[in-house]
Amino acid sequence: MTLQPPDRRGRAAILKLHTAGVPLGPDVDLDDIAGNTPGLVGADLRNLVNEAALGAARKAETFVTAADFLEAIDRLLLGTERHLMLSKSDRERIAYHESGHALLGLLVAGADPVRKVTIIPHGGSLGVTVQSPIDDRFNYGEDYLRARIIGALGGRASEQLIYGVVSTGAANDLQQVTIIAHEMVVRWGMSSKIGPLAFAEDGSSGAFSAVRPYSEETAREVDLEVKRIADECFAEAMKLLTDNRSRLEALTKALLAEDSLGEDQILSVTGLQRVQVAGYEDTGL
Amino acid sequence: MTLQPPDRRGRAAILKLHTAGVPLGPDVDLDDIAGNTPGLVGADLRNLVNEAALGAARKAETFVTAADFLEAIDRLLLGTERHLMLSKSDRERIAYHESGHALLGLLVAGADPVRKVTIIPHGGSLGVTVQSPIDDRFNYGEDYLRARIIGALGGRASEQLIYGVVSTGAANDLQQVTIIAHEMVVRWGMSSKIGPLAFAEDGSSGAFSAVRPYSEETAREVDLEVKRIADECFAEAMKLLTDNRSRLEALTKALLAEDSLGEDQILSVTGLQRVQVAGYEDTGL
Amino acid sequence: MTLQPPDRRGRAAILKLHTAGVPLGPDVDLDDIAGNTPGLVGADLRNLVNEAALGAARKAETFVTAADFLEAIDRLLLGTERHLMLSKSDRERIAYHESGHALLGLLVAGADPVRKVTIIPHGGSLGVTVQSPIDDRFNYGEDYLRARIIGALGGRASEQLIYGVVSTGAANDLQQVTIIAHEMVVRWGMSSKIGPLAFAEDGSSGAFSAVRPYSEETAREVDLEVKRIADECFAEAMKLLTDNRSRLEALTKALLAEDSLGEDQILSVTGLQRVQVAGYEDTGL
Amino acid sequence: MTLQPPDRRGRAAILKLHTAGVPLGPDVDLDDIAGNTPGLVGADLRNLVNEAALGAARKAETFVTAADFLEAIDRLLLGTERHLMLSKSDRERIAYHESGHALLGLLVAGADPVRKVTIIPHGGSLGVTVQSPIDDRFNYGEDYLRARIIGALGGRASEQLIYGVVSTGAANDLQQVTIIAHEMVVRWGMSSKIGPLAFAEDGSSGAFSAVRPYSEETAREVDLEVKRIADECFAEAMKLLTDNRSRLEALTKALLAEDSLGEDQILSVTGLQRVQVAGYEDTGL
Amino acid sequence: MTLQPPDRRGRAAILKLHTAGVPLGPDVDLDDIAGNTPGLVGADLRNLVNEAALGAARKAETFVTAADFLEAIDRLLLGTERHLMLSKSDRERIAYHESGHALLGLLVAGADPVRKVTIIPHGGSLGVTVQSPIDDRFNYGEDYLRARIIGALGGRASEQLIYGVVSTGAANDLQQVTIIAHEMVVRWGMSSKIGPLAFAEDGSSGAFSAVRPYSEETAREVDLEVKRIADECFAEAMKLLTDNRSRLEALTKALLAEDSLGEDQILSVTGLQRVQVAGYEDTGL
Amino acid sequence: MTLQPPDRRGRAAILKLHTAGVPLGPDVDLDDIAGNTPGLVGADLRNLVNEAALGAARKAETFVTAADFLEAIDRLLLGTERHLMLSKSDRERIAYHESGHALLGLLVAGADPVRKVTIIPHGGSLGVTVQSPIDDRFNYGEDYLRARIIGALGGRASEQLIYGVVSTGAANDLQQVTIIAHEMVVRWGMSSKIGPLAFAEDGSSGAFSAVRPYSEETAREVDLEVKRIADECFAEAMKLLTDNRSRLEALTKALLAEDSLGEDQILSVTGLQRVQVAGYEDTGL
């Protein structure tokens, strides 16, 4: 079985390495920070330490505090906050879009918990929904991957449901969908049409490469399987949002009022619980 | 949701940056200029300031005035005016062509307002129709994109209606149509035949690239979807011009008489109102 | 609408530029020369001035005269005259070939007037037929483009009619036919099978490029449309020559007798008038 | 007949070469080590000597002992042991995955003996199953290659059987399957659909190369043959594990209890014998 | 009409240029030599002069004589004579092969006259048949091109007729056939399936290039047309040799006896006349 | 007709050149050596002289003797002898494999005589069968080429017959089969499906090149023709070995007993005569 990025202990060790020589406040617990940063690799963690130190410097603090680290984690996951003049209608559409992502993150079994949703532009995005796993994951089941795709299609599905037409704003979401579905088919053997085979292409960019190590007819089968997965997931996204339209409206309304919502607010507004992580972890023998 | 170019506030800030050290007349309001230049990015705005300063220098003015900026905006959007000897029949065909663009800009719901139309050659064009949005747009709905395509096909449709044959003069229009329709299909997920997927190619030149990250049969589906969109939009353009032929004739006649028409003149000649911007902005909840 | 090369006024200005410092005879009228050189661009006009000056130098003239310019235009359009020993049968075939080009130039509505036809080898050609427009053209209708193709196929059609078999001598003509028909289909939107779309390839060499930004099946449609246009034009060429065989024979006979014929001689031998330039220029409103 | 890597005698000679100047303990028998390292080539054996010397140095020993060599062989075959915090459910899935590999290694006629299985992460893997041949093999029969594929699919088959869904953890296994099945079809002539032909591509990476020296339709046949072999082997893997589910459970349970199991423990837990090496070696005349 | 290499007068001029400073014997008539070298270009003629001069030097002559030139022409057309030990059966097969070429050169209307045939190896060939035109040709009719193909297939057809199986010795002949037939189809518009179009590829090597500026289906049509022409010409070659088998036997017998035969001997042995040059040259009006 | 490598006289001359300055024993007859080395080219013969000289040096001889040359020829054809520890079953399979090659070399009309067969590993091979022609051949008939393919498939056929499954050991044989059959189809015009055409690719590596100068459908026809030839030859190989199984067993047994067998031993064990060289050499007129 193949191995993925560092685990919690590994991240704590990396943080210790990069904080050597950095004056840390007494409230800083590197193990805690490691627990809040699953999925991050060495370079990410070094950035995190730098960002926290810069934040402390900006506040002219003597020590880098736990709060500095939390703000740095936010900046790292969300990008830098930006101030833009947006029309009322643009803001509303963005709110529906992000609420779609967030609500599906709550409704789909197996998805990572939704930590935050915002319609304040950050980095290259007009809005952001943050999901992150509870603990380290070294292996992804087919159900988890489908949950990721359904969530990524939540913004588009929400626009389709509310406005009847989609917009250019979902382009990045669709790229993620394409990459995951393509890997499922050609790398992880999750399509019986293609079989238990792997065609090793250049990692995540494989979906956009014109070099394909199989025949045209097989390439067509791959295309159809990728489309089938995306279509099924979009239909599931539409169904879940339609069935939960009042929650979608409530979440959008709260988001327009508050700009950003944390996990507790999201759960409270929608009246939902943090999703049970479904899938193989709970499968008894 | 993905972010696009600077908003009005951003453009004002960029203008302030590039006018530092430039003596501005008392009538210059950078915020106003920012409001008149939606869609322009940093490099465009720097050009604008340079062009206005050059204009002032040519007139030996002590300050760069508001008028210098307006002329510079015109040059930037239209290109440099050129004097050419054209036959009567060439001028007439150009007038019908541009009137086709302009009239569809007025008739199609969701299109950007038509600001100006001219049959004086500018830069590399024999005639120009200028459309620009009322405020910043960060997101484009499918209806807006179709309005863009219909408008771009207006010149060809007008030639077809009046002369029965088309000419080589629409080549650039057809390239724009091809680019937008192609992006709708392979980047923005706006064809259900292709599905909610994005095939990230090199931006706007993707339509002309022979590298396609999908199978031949999918490539054929993409071709057919792109053609379907273009054909539908051309049929709509033909229908609208046929239904409004007297307006087309009136606009062409005025254009041949005046060479250039501003927004008010265009509306007055055609008896139309600035189009209601349709689409999601007006969709209530 | 897209712009093409300099107009008459532009050519006169370019000629003025390149004749600065060249001693011109009193009979030289640059505006007149500009009127005789539609379609030529800056580099061509500089060549023309150089050629005329060289001609004057060869004749040891003090000034470059109007006659020097006329001879230079001829050399520029025809290439340098060459002396070759040709068999009687080769000469005859060339005469039929060029007469085919010339006669179709007279018979097809919309074609540029035929200025000269010769069976004296020039540059890389065994014979030449010169056609040039009356005034500047900035835009080409579909009917004009078909007239160009029909004329280009006139040499081959004449050989087919007279000898029953074609020869290798039409290779360049066929290349021109292929380029124009290909542009009509993929750049100028003149095939409804392909639709109002443009696939921007590298200008005139696109027809011979193996890189095609569309699917195989669309490429096949392009091929079939290009062939359909060429076949239709060849059938039209055959029909016109068959219906005018006595004119073809008369023109060939005159050409064999005289080696070269000017516009007046061609009209007189064939009993035809300079063709009415058909198409949109004459279309009233 | 083509030749493969060094035989036992060759390896002993290579070991002798690389241990020149290395102080060896009296219990070191190079011929014995050569017998335990079938398949290793010159570079591997030099690494082995270095690893053993480093191990001795770490223990501050005067001589490199037989035990140092055995540990070095382990490290070489398994990679470096790593300590990771894994969730209970992750550990369980890994145990089922590796047990699937190991059990099929015991059940499939013709497979190499299973030497060790572990769910302690090593190098880039979360778990490892080690199989190695009894003696040198210079030639591989079709039955042996199928046994390799069935074993490689054992992890995936076990996950499918126990959890009903597969995971991303089998990616490397699927790559091995693809490489072997592809070589069978296009290099070793083991598909009658493709015939007794060899298409020499770049060794083991051929399966992932888009360059294929045959027509599209033949490429499709190759794809289908590769898939047929993989599908047949996966079905065989599923059947064997289903028929031996209690052994699979027992082996998984032991592995979860012990972390690593040697050949004797594996045989004892499963109640199986070391497989009879089937195939041509035992075929009498 | 396109122009080909220098005519007789041109070759005489080129010969004059290259013989400046070369002492020529009184019997040398450059115009005569030019008449014997149709098809040769500048570089060929310089080679010819050098070869003749070398021949004279080897004989220690004071002047380069007419005989030196004739021998040089032979060496140029045939390559250098080589002495090889050939088995009786090899010599016989070569004789039948070359006789096939030569006899078809005599039998096919429109072919260039056969000047010499030899089974003495020259340069890279085991045997040579020399054909060259009577005068310069600047244009090639379809009938002439077919005559070239039929002649090139004569060696293979003769082997097929006499031995029932063909051999590897016709490889170069087949390459010539492929090049000519391919040019007929894609450059000279001689296939109605492909139409009056030219696809400009790199001259004579086009037939072996994998870059084709048309769709797959058109490429297949090109292949089928090329094959149709070659098949038709091979059938014609077989028919002519079958109908003239006694001539083939007589020519082979003479060739085995004499090693080389000149035009007069060939005509005398076969009882044939130099072929009437058929085709357009004789077509009256 | 195309020429191949040096003939006997040419090889003798080359040997003379490379032995200049080499002290030769009185028993060395270069012409004799040339007679024993058909097919070798200049570089091969220089190697041969060097190898013989090295052999003499190793034996500290004053002269290079005829025996040194014979041993050098052996080393050159077989590669360097290697000592490997092989299992009994491996040795047996190798013996059957090589016996298959050798026996078909005796049974197939038109094959080159079998000179030696060995199961002592040499160079990169576990076993070797040496066939070489009686005299120089400059031309290869289709029947000879098929004999070469049948012989090359003899190892695989023998394994199939005896063990029922094939192995990886025939990979090089299959590559040779593929190259020869591919050349027959695309270079030597030996498939009527492809016709009397030659597609000049890079010599012997053409079969493995993905660049093919014809359409996909033609490429597929080439694939099918290559496969047809290989399949027919394999069926013939199977039939001949099945019909001569006792000879195959006898030859294998002798080979296992003796390790290597010369031509006389092979003929004696199998009770066969050196094959009559069939084909065109014996075809009377």
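Which chain is which? They are A, B, C, D, E and F, in the order written, and residues in each are numbered from 1.
FYI, contacts are C-beta pairs under 8 Å (C-beta built on N, C-alpha and C of every residue); 3 or more make two chains touch, one makes a residue touch a chain.
It should be emphasised that the depicted structure is a prediction, and the values quoted were computed from it without experimental measurement.
Visitor: What are the chains that chain C and chain D both touch?
Guide: Of all the chains present, none is in contact with both chain C and chain D.
Visitor: Mind checking chain A against chain B and telling me if their interface is mostly the same residue numbers on each side, over half, or mostly different?
Guide: On the two sides of the chain B and chain A interface, the residue numbers are mostly different, under half being shared.
Visitor: Given a C-alpha superposition of chain A onto chain F, how large is the rotation in degrees, taken in steps of 5?
Guide: Superposing chain A on chain F takes a rotation of 120 degrees, nearest 5.
Visitor: Name the chain whose C-alpha centroid is farthest from the C-alpha centroid of chain C.
Guide: So the chain farthest away from chain C turns out to be D.
Visitor: Measuring centre to centre, with centres taken as mean CA positions, what chain is farthest from chain E?
Guide: Looking at centroid distances, A is the chain farthest away.
Visitor: Quick check: how many Å separate the C-alpha centres of chain D and chain E?
Guide: Measuring from centre to centre gives 63 Å for this pair.
Visitor: How many Å are there between the centre of chain A and the centre of chain E, using C-alpha atoms for each centre?
Guide: The mean C-alpha positions of chain A and chain E differ by 73 Å.
Visitor: If you average the CA atoms of chain C and of chain E, how many Å lie between those two points?
Guide: A distance of 36 Å separates the two centres.
Visitor: For chain A, jot down the residues that touch at least 2 other chains.
Guide: Expected reply: 212, 216-217.
Visitor: Examine which chains touch each other and state the graph shape they make (line, ring, star, complete, other).
Guide: Contact map by chain: ring.
Visitor: If you go round the ring from chain A to chain D and onward, which chains do you meet, in order?
Guide: The cyclic sequence of chains is A, D, F, E, C, B, beginning at chain A and stepping to chain D.
Visitor: Provide the residue numbers of chain B that touch chain A in the complex, in ascending order.
Guide: It is residues 1-3, 7-10, 135-143, 145, 187-190, 194-201, 211-218, 279-283, 285 of chain B that touch chain A.
Visitor: Going by the contact rule at the top, pick out the chain D residues touching chain A in the complex.
Guide: Spelled out, the residues of chain D in touch with chain A are 82-87, 89-90, 92-94, 97-98, 121, 123-127, 153, 155-156, 159, 162-172, 174-175, 177-178, 181, 207-210, 212, 216-217, 219-220, 222-223, 226-227, 230-231, 234, 249.
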